[in-house]
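I'd like to ask some things about the structure below.
As written, the chains take the letters A, B, C and D, and residue 1 is the first residue of each chain.
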Amino acid sequence: MYEELKKRVYDANMLLPKSGLVKFTWGNVSERDENTGYIAIKPSGVKYEDLKPEDIVVLDLQGNIIEGNLNPSSDTKTHIEIYRAFPDIKGIVHTHSTYATSWAQSGRNIPSFGTTHADYMYGEIPCLRNLSKEEIDEDYEKNTGKLIVEFMKDKEVTKIPAVLLKNHGPFTWGKDAFDAVHNAVVLEEVAKMAMFTESINKEAKETPKEVQDKHYYRKHGANAYYGQK
Amino acid sequence: MYEELKKRVYDANMLLPKSGLVKFTWGNVSERDENTGYIAIKPSGVKYEDLKPEDIVVLDLQGNIIEGNLNPSSDTKTHIEIYRAFPDIKGIVHTHSTYATSWAQSGRNIPSFGTTHADYMYGEIPCLRNLSKEEIDEDYEKNTGKLIVEFMKDKEVTKIPAVLLKNHGPFTWGKDAFDAVHNAVVLEEVAKMAMFTESINKEAKETPKEVQDKHYYRKHGANAYYGQK
Amino acid sequence: MYEELKKRVYDANMLLPKSGLVKFTWGNVSERDENTGYIAIKPSGVKYEDLKPEDIVVLDLQGNIIEGNLNPSSDTKTHIEIYRAFPDIKGIVHTHSTYATSWAQSGRNIPSFGTTHADYMYGEIPCLRNLSKEEIDEDYEKNTGKLIVEFMKDKEVTKIPAVLLKNHGPFTWGKDAFDAVHNAVVLEEVAKMAMFTESINKEAKETPKEVQDKHYYRKHGANAYYGQK
Amino acid sequence: MYEELKKRVYDANMLLPKSGLVKFTWGNVSERDENTGYIAIKPSGVKYEDLKPEDIVVLDLQGNIIEGNLNPSSDTKTHIEIYRAFPDIKGIVHTHSTYATSWAQSGRNIPSFGTTHADYMYGEIPCLRNLSKEEIDEDYEKNTGKLIVEFMKDKEVTKIPAVLLKNHGPFTWGKDAFDAVHNAVVLEEVAKMAMFTESINKEAKETPKEVQDKHYYRKHGANAYYGQK
């Protein structure tokens, strides 16, 4: 019944290995269907070379499986918490992409060092704390989602489309699954260049605010003039 | 009417993703036509996989569109300022290539560490300052061009075919669009090796002037003897 | 007689260059046959592009050649020592993969910086000492195996599926040849991200134990829930 | 007349871009013919994608062109000086490969950090000094060859098959053109891992001499036992 949604989510998932963001099964993409409110997500532990559109699992936002014979991604509860809190988020991606994950492992926010970053993301990319033993024992994946929601709840999800989970890796989101994948690719390149920037100059400074504003708002919002109408 | 020019600019643009210098829409190439004085440039925000020769936009040096249905690159005014100031420049490239952009983000000039650099570029590659808030508000892209022109006005554009814009990325130029792309590839490799050089030896010294001279002038000028006649 | 075993070991060996883990002849994979107890291993110094399934050498655990016309890998005695000590190990891989080898050359254990590591390997990846001149002169390859066995003898080989040999490179193992190759790929990615993590933050801390436990045990053991049943 | 020699030198040259060691025209391979004593070398400034076997230039050891319509590599005199001094050298390669060149630019010898290095090269890879202004003005390429010869004259060319030229890049050699290319690939990988090794541990120590000896001599000399007979 959800052929189109499953095909989209399959296609978006297949972009992850194609873009060099995942090895083996290390990543997953989901999307929310506007009409039903259901989400579709990669099944757990299935290799990308074996993945087929019919393997994609459809669930409601209480986590009930609506369609699909496989277990959904072990990170499904994290996705669901985010979807429940932010109606504007329609696609979510989790990867262990090399450079973004290295920043997550370092425990540092990614500074906004250039216009490549400012074109898509407003300000630094936050690295969120580890969960406590109690939060892990209670419900690791759900509480990971709650941590992200708690952090983002007073921020604009379109302006900060990515967070890092300490000692783990990135989550990105967007207006659909493909937009979330696009942000995952941007994040990885931004993370790589930020590491190189500090390698070249340990005292490198963030982009002046007026330059960040110029680049972000020439691409986003009412006065954007980048691209075609 | 400008089929050949547009095809050349299309081909030169397509070399950017092929050479690994751009992701998504992050880069543009233009060329100046010797006869008409018009320039042709990539349209704004069009993905390279979708780009076609007929999408290339032809403009005069006042920025009027002569031919083309799409918006030209958002960086068009920067290109135009450079073409107006330097008749010897016939091709211009802007990218966010990883290593050159990391140097731009670091705010440092790229030292001339070896003969790979000296074979094409005479002396260090300058990193120009950020624009002020006033310059950004007045006309960001035009004033970016003016900054480059101001810096280069008492220098030889063939000897310094590249600059970095702080917190942004590189501009390169050349005697046509393909030469400008060639310089963009050289710059990226030189930027990569310069970062590695300092990683190996923080106190690394620039190439002695007599070696730089030897390499630059065996490839360029009246006494060049590299290559075939 | 051992066609299937040799074909498996051939296939597993060919994954090494395909995964970017080896250049030239720098690596070898072996597997133990459950029924006979024999092992099959790559021949010494044969280039991967020339390797054929019939070149694979079958030996018993005393090092006698059971089938094959070529010399077995010069590291065969190391493999044999490991197989003799640990019945659970059914596949072994040795490579000079770039990042894992760089850690081995640095003489340091690889810290457990993230869940990519914790998903497969419990705690840091140990870097073992150099052999002494006496051990080298007596029997270099056999004593290399003994060093690994000595280190692992009071540990669980499934929880630490990799070691580094100082100034040399990694050995990984698994429940068959393909599992051992999988661990070699994981190790290389983990080694790369660990180097980047410390480049970003020299004071980076290891993953808290409760997060390591959560990730390792959601993938392994009685309460694992990752993947499909 | 020298079809076979030219074909071999063409094939060896084409391995450079295939192995990722050169961009554009940045590299050249030559080989000495045992019977005539002539050498064959890449023509100067010809792009690899345009190179054909018939473009290869044959010269005698006085630098006279025996066969060929193109100018030989601008580095030909360097090759000739080396061939004249060392009868055992039958193939020579020059590249600007990224990591070896970065070491050359850093002005440091490459330490012998591991068995990958010790398997092929005995001890550290030397970085030779810059030429003086007088040496450059007199004959840059010939004096570059003399510098290499002077350094190597009391050493075994099979045990040190590579040197770095400060602020320039590597030269490697071997028993024929393909062996010299093989050494160029080994050098690049060794240079990369040495940089990473020091990034991981600034105080990393060279491989103990007894391990270097073991690895070098299990592959080379009368008691070698690596590979097939």
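The rule is short, and it goes like this: a residue touches a chain if its C-beta (ideal position, glycine included) is under 8 Å from a C-beta of that chain, and two chains touch if they have at least 3 such contacts.
From a predicted model like this one, the values you see are computed outputs, not experimental measurements.
J.: Supply the minimal count of touching-chain steps required to go from chain A to chain D.
T.: Counted as steps through touching chains, the separation is 2.
J.: Chain B and chain A are one sequence twice: same or different residues at the contact, by the over-half rule?
T.: Copies use mostly different positions to touch.
J.: Among all chains, whose Cα centre is located farthest from the one for chain B?
T.: Looking at centroid distances, C is the chain farthest away.
J.: How many degrees of rotation bring the Cα atoms of chain A onto the matching Cα atoms of chain C, given to the nearest 5?
T.: To map chain A onto chain C, rotate by about 90 degrees.
J.: Between chain B and chain D, what distance separates the C-alpha centroids? Give it in angstrom.
T.: Whole-Å distance between the two chain centres: 33.
J.: Provide the C-alpha centroid distance between chain B and chain C, rounded to the nearest whole angstrom.
T.: 47
J.: Among the residues of chain D, which are close enough to touch at least two other chains?
T.: As it turns out, chain D has residues touching two or more other chains at 198-199.
J.: What chain-chain pairs meet the touch criterion?
T.: A-B, A-C, B-D, C-D
J.: Per the contact definition, I'd like the list of chain A residues that touch chain C in the complex.
T.: Touching chain C: residues 23-26, 43-46, 70-71, 74, 96, 98-99, 101-108, 130-133, 136-137, 140, 167-169, 195, 198-199 of chain A.
J.: Could you list, by residue number, the parts of chain C that touch chain A in their complex?
T.: 113-116, 182, 185-186, 189, 192-194, 196-201, 204-205, 207-208, 210-211, 214, 218, 225-229
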